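Chain naming follows the written order as A, B, C and D, and within any one chain the residues start at number 1.
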Amino acid sequence: MNPEQILFFVFGLLALVGAISVISFRHPIYSALALIVTFFAQAGLFVLLGAHFVAAAQVIVYAGAIMVLFLFVIMLLNLGRRDREGAPTGAKLKGIGIVLGILFAAEGIYIAVNARNGTAVASAQPAPEAVTTYGIGELLFSKYLLPFEVTSLILLAALIGVIVLVKREKPTDN
Amino acid sequence: MSRELIVVLLISPLVGFLINGLFGKFLKGNEKLSGGIGTLAVLVSFICAIVAFAGVQGGAVLEGDAGVLYEWIAGEGFTFNIGFHVDALTTVMLLVITGVGFLIHVYSIGYMHGDAGYTRYFAYLNLFVFAMLVLVLGNNYLMMFVGWEGVGLCSYLLIGFWYERQSATDAGKKAFIVNRIGDFGFLLGMFTLFAAFGSLDFTAIFGAAEADTFQKVFGGSTLVIATLLLFVGAVGKSAQMPLYVWLPDAMEGPTPVSALIHAATMVTAGVYMIARSAVLYELAHTGQVVAWVGVLTAFFAATIALTQNDIKRILAYSTVSQLGYMFVGVGVGAYASGVFHLMTHAFFKGLMFLAAGSVMHAMANELDMRKMGGLKAKMPITHWTFLIGALAIAGFPFLSGFWSKDEILHSAWGSHPAIYVIGLITAFLTAFYMFRLIFVTFYGQSRVASAVASHVHESPPVMWVPLVILAIPSAIIGLLLGWGGHGSAFHHFTESVFKAAKEIGNGAHGEAAGSAVPFMIISAIVGLVGIGFAWMRYSKRTPAAQPGTALHKLVANKYYIDEVYNAVFVQPIKNVSHYLLWRVVDTGIIDGIVNGVAVAIRIIGGTLRRLQTGVVQAYIVSMVVGIVIFLAYYLFIS
Amino acid sequence: MLELEYYLILSALLFTTGVIGVLVRRNAIIIFMCIELMLNAANLAFVAISRSLGQTEGQVFVFFVMTVAAAEVAIGLAIIVSVFKHRQTINVDEVNSLKG
Amino acid sequence: MLLSIVIFLPLLGVVAIALLRGIGASAVKGIAMAVALLTFLISLGLYTGFDATTAEMQFQESHAWISGLGTRYDIGIDGISLWLVLLTTFLTPVCILAAWNSVEKGLSGFMMSLLALETGMLGVFCATDLFLFFVFWESMLIPMYFLIGIWGGERRIYATVKFVLYTMAGSALMLVGILYLYFQNDNSFALLPLYEKAGTFTHANLLFLAFFIAFAIKVPLFPFHTWLPDAHVEAPTVGSVILAGVLLKMGTYGIVRFCLPLFPDAAATYTPLIVTLAVIGIIYGALVAMVQPDLKKLVAYSSVSHLGFVVLGLFTRHHAGIQGGVLQMINHGLSTGALFLLVGMIYERRHSRMIVDFGGVAKSMPIFATIFMITTLSSIGLPGLNGFVGEFMILLGSFHGGAFSKVYVVLAATGVILAAVYMLWMFQRVMFGTPNKINAALPDLNTRELVVLFPVLLFIVWIGVYPKPFLSRMEKSVNVVVTKVQQETAPAMGHTKIKEVPRYARVDINKEAETK
C-alpha cells in the first residue's frame, strides 16, 4: 500500500464514520460536529485528487460558513429536549429507511463498479497533473461566465429571501 | 299591364299596415283616421285590381320574366324570385280579395267602433290583405308559400285579437299550428317539385311538366307525391278533413275577420293553389283524391252544422262544407267552376258573416240563436240581406250559389256518380241548416232576454251599406256570369288559364254528360225541399234545448274530434316531452352521464387525496422507493 | 493514483447515508445536514470523475453546487426559524398543513 | 392590417379600462361602448372592401410568430367568416348597451370581459393558422367563464364550470387532431396548404372525429347539449346573447371551415350518423323546449333545435344546404340574441323568468309584445323574416342534394311545426290573458332598450326580405367548400349528378320549342 492509498482509506473511513455519526447522534450539536469531521475528511480526499481549490473552498465554505450557520441556528432555537432530539424514530420507519438505504447503496455501488463500462470515462486518459486554480478561474470567466453570473443572482435571491422570511412582522397600523 | 301597377296594388295595404302599425300610438283615439287609412289602402288596391282586370280582359297577361321584381334567394343551382304572375285566375282572386276586403274594411269601421285595439285591428287587417295578395300574385310556389304563411300569421293575430280572452288566444294558436301542419306538407311538396324541375316558377314547372322529356325521366310518381303534398297544405289552409278543426274555433275573432279571412279569402287559398297547379294535378291524376276529400268534408261538416246553435259556428261549418264543394270542383277537373264557386261563396258567405255580425252587434254579442227569434221586424235590412245569402247558398234558382254549385255537381257526375250523390245530399243538408238558422233567428216568437230586447236595433249605415252592396252580387252574379254553364262568361274569361289542363285532362274526366238542365232542376228541387223541411220544423217551434238521441248528441259534439285529437296527439306529446324526454332522458340520462363523469372524477380524486398525508418523510419515502425502482429498472432490466 | 471506482463507491456510501438520514430523522436541522451530506457526496463524485477524465469542468460544477448549497442552507434555516416561531417545533411530522 | 385592427381594437379597450382605474362607471361604459362601436364601424370596411367574386381569403395578413413551433400569425376572411365577424362586431355594442344599467358589481371587469371576449371570438373566425385558431378558441373561454361565474345567477359556479370543462374536453381532442395534422403538413400549422392536401391524410376518420366532437360540443349537437341550458339560465342577459349569438356559431363555423373541406371522405362516412343526431336534435330540442317552465331554458332548448338545422344544412354537402346553414348561423344569432335580450328586459322588470308568473304582458307592454312577436316569428321561420330564408335553403338543400334519405328531411321539417307549437304557446302564456296586478304595472320599453333592439330587428327583416347581399358574398366561398366535398365523394355518391337532369330536361324543352 502506497501512502496515497493509506491516506484514501483514512480519509474515507473518517468521512463515513462522520456521516453515520451525523444521522446517529440524538443532539443536533453533536451531529453538526460530526458533519464538520466529514467535511474535513472530504477536503483531504479532494487534495488527494489534486483538486486543491475545491479542497480549500470545502474547508472555507462548508466547514467554515455553513456549519457556523447550523450551529447558530441550533443555539438560537435552543430547543427543548424533545424538540432538540426529535420524537423517537418509529421502528417501522427505521426499518424502511435501512432497507431502502441498503438497496440504494447496492445500486450506487453497482453503478460505481460499472462506471467505466462503455462510457467516456473508460477511454479517457487520466491526467496526472493537478488542476490549477488558474484553470478553474479561466473556465469560470469564459465558458461558464453566464452561469457564474446567474449564481450571483441566486445568492442575491437567497439573501433577500432570508431577510423576508425572518423579518419581524410589523404590527399593522390599524 | 305594367309591373308597377301590380306593385302599387300590392304595396298599398302594406303601407296602410305600416302607418297603422308603427304610428298607431299617435293615431290612438282617432278612429276615423286609422280606419280611413286602412280602408283607403284597400280601396287603392281594389282600383288597381279593376285596372288589372281590364288589362287581362284585353289579353295583357303578366307572366314569366316580365313579372320578376327582384332575385330573392339565389345561389349555385337555385334561384327564387319575387315576381308576379297575373292572369285571369289572378284577377278574379284580386277582385274578390280587394273588393270584398274593401267592403269588410268599411263595415269594420262601424263594427269595431270603440274597441281598444282599433288601430291594431286595421293594421292586422291590412297586413292580411297584403299577405293574401302576395299569395295570389306570386309567380312561383315559394312566393305563394310566403303569402300562405303570411295569411296564417294574420289569421292567428286576428283570431286572438281579443287576447285577454283565453279561448281567443287558444283558438288563434290552434289555427296557426294546424295550418303549420298543412304548411309542412306544402313545404315538402315544393321540395319535391324543385328536386324534379330545378325551379319553383309556375311557367317553368308547367312547361316542363307537360313536355314529354319530363314524363320519360320521372314518370308520374314524383308528381303524384308533389301534388298530394301540396294538397296537404291546401287541406290545412282550407280547413278540410282532417285538419278542419281550427276553423270553427277561429270564430273567436271579430266577425268581420271571420267574413274576410275565414269565409271569403284565406280559406280559399287551397282552392286557388290547386286551380293554379291544374296542369300538375291533371298529369298526376290526383284530382280524384282532392274531390273525395272535398265531398266527404262537405258532407261531414254539413252534418255538424245541423246541430249547432251558435250562429257563427253554423256559418263556419257551412264554410268548411262549401270549401269541400270547391275542392270537388277543382278535383274533378272543373277548375273554372270551382273558382266560380269560390267567388260566389266569397260574396254570399261574406255577406252572411257580416249580417251575423250585425245581429251580434244588436244583441250585445249574443250568438246563441235559441236566445233570438223574431228579429225580422227589428232588423229588416239585416234580415233581408241574410236571407239573400241563405237563398244563394241553398241553391235557390237563379241566385249565385245555384249556378256555381250546380256546375260543380254536374261535373262531379261525369267524374264519379257517388261524388255527385253525396254532393246532392249535402246540398239538401245545406239548405236545411241554413234555413233552420234563418227561421230560428229571424222568425217566430222573440226569445230575446228582456234586458237586451230594448236595445235591439238595426245597425248603422256604415255597417248595413256593405251588406246591401254584397247582397247584390250574391243575388245576381250567377245570372250574369254563370248563365250557360260551361259556356258562360266566367268560363270564357278563365279559359286561357285552364286550357292546358283541360287538354291533358280530357281523357281523364268524361265531359260532363248531357245537358245541364236536368241537373239544375234536380238541384233546385233538392234545395227547395231542404228549405221546406226547415220551414216545417223550425218556423214555429223553438229548437230543442238539449240533444235528444245518442246520434244527435254525437253530432252536436262535433263527433268528439277535438277531444280525440287532444287525447291522441296533444296530451301524449306534452306528457312524453315533459316526463320522458325532459325529466328522464335529458336531466336523467344525458345530463346524468355528464355529471356522472364529474362525480366519478371527484371520487377518484377524493381517494387519491388520502395519499397526501402532509408528512414530508412519507413523500420522501415514496420518492426514494421510486428512485430505487427506476434505477433497478434502468440498470438491470433495460 | 487510486482507481476511480474507490472514490465512486465511497461517494455512493456517503450519499446513501444522507438518504437514510433524511428518511429516519425527524429533526429538520438534521435532515438539512443530511442533505448537505448528499451534496458533498455528489461533489466527491464530480471531482473524482473530473480527475479521471482530466477535465476541469467537474470542479467548476462543484463550485456551482457549493454556491447553491450555501443559498439553500441559508433559506432552509430561515424557513426552519420561521416555522419554529409559528409552531414552536421543528419536527417535520408535526408540520403537516399540506395534508390533503 | 384592417383585420388585425378589428380583432385587437377591443383588446385595446380592455387595456384602456384596466389602466384608467377608478374613473367612474359612466366613463367605463363610455369607453367600452366607444371601442365596440368603433370596432363595428371599422369592420364595415371589411364589408365594403370585400370582393364577392372570389373565394380566396381576403384581408390576409401573415407574420412570423413562434417560428420554432411552425406557427405563424396568419389571418384572413372569406365569405363565410366575413358574416360571422360582422355578427360579432355588431352584437357586441348591442350587448354593451343592453347591459348599461344591469351590472351592479364590478362594471369595469364586466366590460373588460366582454371586450376580451370579442377579440377572442373575432380571432377564431379570422385565424387561418391552426395553432392561432386554437389559441383564440381557448382564450375566449376565460372571459366567458368570468361572465357567467361572476355576473350569473344562483347556480352560476356549477354552470360556468360545466361550460368550461365540457368545452375543454372537446378542445383537448381537437388539439390532438391539430398536432397530428401538423405532422402531416410538413411541420406547419398553416391552414391553406392543408386544403391542398385535403383527403390525403392518414387516419382521416379519426382526425375528423377529433375536430367534429370539439365542434359538436360547442354547437351543441344532441347529445352534447346539456351544458347549454345551464349556461344560458345562469348567464347574465348579455352572456346569453353572446353565447347564443356568437359562441355557438364557432362550432358550426369550425365544421364548415375544417371538418368538411379537410376530411371530405370522413365527412361522407359519418354523414348518416351526424344527420341522424341533427334531426334528433331538431325534434328533441323542440319537444323539450315546449315543456320548459323557464323562459331562458325554453329559448336555450330552441337553440338546440335550430342548430340542429344548421348542422343538417352543413352536412347536406350541397350548395343550398351549406349556404342556408351559414345564413342560418347569422339568423339564429340575431333572433335568438334578440329573444335573450327581450327575456332579459322583462326579467329586469319582473325579476322572474318563470312563464307562470307572466300573462297579459301585452296589455301593459304593447311595444315589447310587438317586438317579442316579431322575434318569435323570426325564430319560427315565418317567410318575410330571416329565419325562413335559412331554414328553407337548408331543407331544400337536404331534400335536393343531401346524400341521405328523404325521411330525414321530412322529420326535420316537422321541426317547423314544433317550433310554432312551443314558441306560440310560450308567447300566449306570457303575453296574452288578463294581467295580474304586478304584470299590469310593468313599464313598457324605454328608449335605450328600443335602441338596443331596433338594429337587430332591422337585420331580421332585411335578411328576410332581401338576403341577396348576404348570400352573394358567401356564395363563392361556399361553392369552394362544396366542390371540395363533392370532388372526393363523387364516385360514391353518383346520384348527386342525376339531380342535374331536370335542368337538362328543360333545356331540351326549349330546344324542342325552337325547332318547332
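FYI, contacts are C-beta pairs under 8 Å (C-beta built on N, C-alpha and C of every residue); 3 or more make two chains touch, one makes a residue touch a chain.
What you are looking at is a predicted structure, and each value in this text was computed from that prediction instead of being measured.
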- [ ] From the Cα centroids, identify the chain that ends up most central relative to all protein Cα atoms.
- [x] D
- [ ] Report the inter-chain centroid distance for chain A and chain B in whole angstrom, where each centroid is the mean of the CA atoms.
- [x] 98
Task: Inter-centroid spacing, chain C versus chain B (mean Cα positions, whole Å) - done: 93
Open item on the list: What's the distance between the Cα centroids of chain A and chain C, rounded to whole Å?
Closed with: 5
Task: Distance between the centres, which are taken as Cα means, of chain D and chain A, whole angstrom - done: 64
TODO: Hunt down the residues of chain B that sit against at least two other chains at once, touch-wise.
DONE: 617, 621, 624
Task: Sequence positions of chain A contacting 2 or more other chains - done: 93, 96-97, 100, 104, 111
Task: Per-residue multi-chain contacts in chain D, two or more chains - done: none
Open item on the list: Please list each pair of chains that are touching.
Closed with: A-B, A-C, B-C, B-D
Task: Residue ranges of chain B in contact with chain D within the complex - done: 21, 70-78, 142, 145-146, 149-150, 153, 156, 160, 163-164, 166, 169-170, 172-173, 176-177, 180-181, 183-184, 187-188, 190-192, 194-199, 204, 207-208, 211, 213-214, 217, 573-574, 576-578, 581-582, 585-586, 590-591, 594, 598
Open item on the list: Per the contact definition, I'd like the list of chain C residues that touch chain B in the complex.
Closed with: 19, 22-23, 26, 92-93, 95-100
Task: Of chain D, residues touching chain B in the complex - done: 162, 165-166, 223, 225-227, 284, 287-288, 290-292, 319-320, 323, 360, 362-363, 370, 377, 382-384, 388-389, 392-393, 395-396, 399-400, 409-410, 413-414, 416-417, 420-421, 424-425, 428, 431-434, 466-468, 471-472, 475, 478-479, 482, 499, 501-503, 505-506, 508-509, 512
Task: Sites on chain A touched by chain C in the complex - done: 4-5, 8, 12, 15-16, 19-20, 22-23, 28, 31-32, 35, 38-39, 42, 45-46, 48-51, 53-54, 57-58, 61-62, 65-66, 69-70, 73-74, 76-77, 79, 83-87, 89, 93-94, 96-98, 100-101, 104-105, 108-109, 111-113, 115-116, 120-121, 124-128, 131, 135-136, 139-140, 144, 147, 151, 154-155, 157-159, 161-162, 165-166
- [ ] Using the touch rule from the top, collect the residues of chain C that touch chain A in their complex.
- [x] 1-2, 4-21, 23-27, 29-30, 32-34, 36-37, 40, 43-44, 47-54, 56-57, 59-60, 62-64, 66-75, 77-82, 84, 88-91, 93
